[in-house]
Amino acid sequence: MNQQQQNLFRFLVALGDDSVVLSHRLSEWCSNGPYLEEDIALGNVALDYIGRARMFYQYACEVEGKGRTEDDIAYFRNEREYTNLLIHELPINDFAFTMVRQFFVDVFYCEYLKQLMNSSDETIAAIAAKAVKESRYHLKRSEPWIRQLAEGTDESLRRIKDALLELENFVGELFLMSDWEQSLVEQGIAVDRAKLQKDWDAYVQKFLGESNVHFPDSQLQIRGGREGIHTEHLGHMLSEMQYIQRTMPGLQW
Amino acid sequence: MQSVDSAAEQAEFDRKIAEEQKIEPTDWMPDDYRKNLIRQMSQHAHSEVIGMQPEGNWITRAPTLRRKAVLLAKVQDEAGHGLYLYSATETLGISRSELIDALQTGKAKYASIFNYPTLSWADVGAIGWLVDGAAIVNQISLQRTSYGPYSRAMIRICKEESFHQRQGYEIMYALAKGTPEQKQMAQDAMNRFWWPSLMMFGPHDSESAHSGRSMKWKIKRQSNDDLRQKFIDQTVPQIEVLGLEMPDPEIKWNEERGHYDSGEINWEEFYQVINGSGPCNHQRIKHHKAAHDNGEWVREAVRAYRAKQNQKAAESAA
Amino acid sequence: MNQQQQNLFRFLVALGDDSVVLSHRLSEWCSNGPYLEEDIALGNVALDYIGRARMFYQYACEVEGKGRTEDDIAYFRNEREYTNLLIHELPINDFAFTMVRQFFVDVFYCEYLKQLMNSSDETIAAIAAKAVKESRYHLKRSEPWIRQLAEGTDESLRRIKDALLELENFVGELFLMSDWEQSLVEQGIAVDRAKLQKDWDAYVQKFLGESNVHFPDSQLQIRGGREGIHTEHLGHMLSEMQYIQRTMPGLQW
Amino acid sequence: MQSVDSAAEQAEFDRKIAEEQKIEPTDWMPDDYRKNLIRQMSQHAHSEVIGMQPEGNWITRAPTLRRKAVLLAKVQDEAGHGLYLYSATETLGISRSELIDALQTGKAKYASIFNYPTLSWADVGAIGWLVDGAAIVNQISLQRTSYGPYSRAMIRICKEESFHQRQGYEIMYALAKGTPEQKQMAQDAMNRFWWPSLMMFGPHDSESAHSGRSMKWKIKRQSNDDLRQKFIDQTVPQIEVLGLEMPDPEIKWNEERGHYDSGEINWEEFYQVINGSGPCNHQRIKHHKAAHDNGEWVREAVRAYRAKQNQKAAESAA
């Protein structure tokens, strides 16, 4: 791979990692939701993200051209090699946390993927076109939940506020550009995340403000996901997720 | 007057049953018919819901992304079946929260097979193949059940279940044709789930407490033993295709009967597990309760939010 | 190995499994206890059990004579190959559960190991002699805890009762003999567990009764550990415990 | 009168300090001396306790039984140091629950290095080797601190810490001499923990807020920069033995100074992490609070039990 291909590969794996890690967290709600209906709904979101991960990884493997598969990428890298942004890997915590995180990434992806549809790379544009529809649908679910919990009981409001506090430091990384991502932006392949931040802040603050909940401007505080510097949660997730493949590598399942 | 009416209604009900017409929620029905249906349908619904746990146990450890997606979708379908069956049961005049309460307090049962643990990835295959397979045999028969909403639920559910069964078999096939270690996983899983799958059809016809009346009312359409035989007959050739050893050494084609003969079920184990001593009975209900309790604040918030919205609407209307 | 050696090997691995699994659970309390003092104390118990596991495994490897090590036994068997009795693998739950389980196994091991000191196998007798002292010390810690919690507040009593309910079905397996263990008893190597049950029941009931807490006679209800039929909890524990070895097998650490 | 007394006491205190005598709990001491000590000693205690988390994170994943036992024992020792230092701090007239409250509300600090995550098994080695190594350099110096209980705590703790440091180095050595992948783990862990270890000695002497007074009172005995240099000088040859690349390309022996030169620390990061923006600040305190809150019912039960026992004793005495 030349430098450009390497950057593209890195980009695709990173987006795949974001998706696979979030899908894993969402799947942990299975049989644990507050309503049976929510088990199904969160499962649907998880399935959408697994689908994204597979598309990004498959294309990454194609770009790499070494015959690796999506599962090689997902199951045979350790936490220092995973490059997801940290917000995706945080434990599911309570339902409020899961929904606030989802609301945050839904707002982000609705705009990010919309712009990514203009990628000069047709495969990426096609993935984005499929995924943006999913994220719009996700947002239509996460917003009413935030509203109901923020304006429900004292306890639900407290939990929303705890979730905001917990997530505050992890939002900024969504908008952090690295050199290699910047060079993909210049080639018309990727999207400049940094430019999305202002609108994201405005949207989120307006929405939360309508329920009288305050959220400060997103600031970049905790970073490292793209360089494989994670929270301590990811390693535990991977030890479970990868156990079978690590135990019996190279087989058909 | 009441008894004349009642006699007429009973006659009308009997006529419908005799003529294979469906009973619908608004129709008159005998109390015991209603109770029997509630028992059977809610047990069916609870089985779908509790059944999410043993398979859900492997979602986070599925060996490939594709398998993980398929498994997650399957467990979701079960949740969907649970919902659908709860709704169908509610047409009989009982609420979902009453049904859930009966489950959690042990008044209502669920399929005993979900009290066995899933101990390897192959168990996911075995459950899809054998447990869903046994369920389908039962459910196909129930498509002709006399209560309309239940019958329609069965028709809808059967389609998805056959899909699940194929996926389960596909997992078993990949393992059985894989390395010796994988084949061993498949053999072990089948061995453990074989007998509990046979037990899913319930006691022998001679021992079955509810069977006679259920057959009369056409809630049940075929006997436990007939359905069990049907399941064995369709499954044994599949075991042969997998190239696994038979889980029961007594399995043997009986030319004369035109069926497979097989060994006797350990009924002591059956009753032990039904009565709460299965490896996971306690865990399953505990898990269900914990999820339900942890969600209470969410449901409370939703109620509070709706009340506030209603109040606002009322105020602005006034 | 001849049949006798095979039985001995199986016995040693089973006792090692009991110890390694319980030690793992106890170690999960590290930085999570109700007092800093308890973090230390539970860590000490965990260390004693790791020590036992290592002694049993090491001797098992010696008996097997294939050059395997304690870590080969601990890190390269899956949940169907682990043969610990189920009571050891149950999650730590709350502090009441952990202490009731500990009290139960402490009472059991104090007697079991005392008798195992008479084993005709000198190595086993020596391990038992060391371990029984530890268990006596553990019991001196677990008993006052049960007392304090049972006679503390309504909440602590409720938690003790919940723990008893949770453990009720797992106690009987401690006293379950298999054919191969029976044959080791006949050779004077192992101890007849079944014969310990009556005294155990009497001791536990008397002790709990002094705090007005009822516990029924231990019944054998859930079984399977010695045949590798576990609760669903063990697999998750092993995926974490074995992750490094499964990922990079055969190395020095 | 008070001021006469006070002046005499101050003179006596100053004499002791000048003559290298220890100040003991019952001795008179200036308020600021006491406050300064409470700040420093409690920070030290909290560091031991919070330091249990990053290393504890690998107990359940340690690669061998021996390593697991050694790591568990080490983390226990840290808990023990925490206890010992809390007790020593309590001699200054503050309670353990006040100290814990100050930690949880962010009023008291702990070593900033524990706000970095442990991301591989090698990190356990790096922490033992570098973090405990840096701590020892500091603690050896503090063995001569002017407050008696603190000095004695340091003497006791230093012994165990050197043991831990050797164990950490042993882990690093095994990795550095292992496969390329293992060596890479070691290199990566050292690279990540090197700079935070240097930061452990605090700001440059010219920037250090509390240093001047602490030195005067002989609470501190050597300056931040001197201690940091000492740590670098002893650690660089150890890196060479491991055969790893230097974590700082500017490290170079300076013949003239008789010390290693090294690059400048990123102080911006230092202050960011101290002020709460490290990767794990929030997690560490959250974990501590959660464990503390989860244990509340236990502590309550103990109090209730003791009260009942006391009452019984009183009744039987009456």
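Order of writing sets the labels: A, B, C and D. Residues in every chain begin at 1.
We take it that a residue touches a chain if its C-beta (ideal position, glycine included) is under 8 Å from a C-beta of that chain, and two chains touch if they have at least 3 such contacts.
Bear in mind the structure is a predicted one, so any value in this text is a computation, not a measurement.
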For chain A and chain D, chains touching each: C
Chain pair, C-D or B-C, that carries the greater number of C-beta contacts: C-D
Farthest chain relative to chain C (centres taken as mean CA coordinates): A
Whole-Å gap between the CA centroids of chain A and chain B: 35
Inter-centroid spacing, chain C versus chain A (mean Cα positions, whole Å): 42
Multi-chain contact residues (two or more partners), chain C: 78, 239-240, 243
Chain D, residues touching no fewer than two other chains: 61
Chain-level touch network, classified as line, ring, star, complete or other: other
Complete list of chain pairs which touch one another: A-B, A-C, A-D, B-C, C-D
In the complex, chain C residues that touch chain B: 78-80, 166, 169, 221-222, 224, 228-232, 235, 239
Contact set on chain D toward chain C in their complex: 49, 52-53, 56, 59-69, 72-73, 75-76, 79-80, 82-83, 86, 121, 171, 174-175, 178-179, 181-182, 287, 291, 294-302, 304-305, 308
Of chain A, residues touching chain B in the complex: 20, 24, 27-28, 30-40, 43-44, 46-47, 50-51, 53-54, 57, 70-71, 74-75, 94-95, 147-149, 151-153, 155-156, 159, 240-241, 243-245, 248, 251-253
Contact footprint of chain A on chain C as seen in their complex: 78, 236, 238-240, 242-243, 246-247
Partner chain A, residues of chain D touching it in the complex: 54, 57, 61, 117-120, 188, 192, 272, 277-280, 282-283, 286
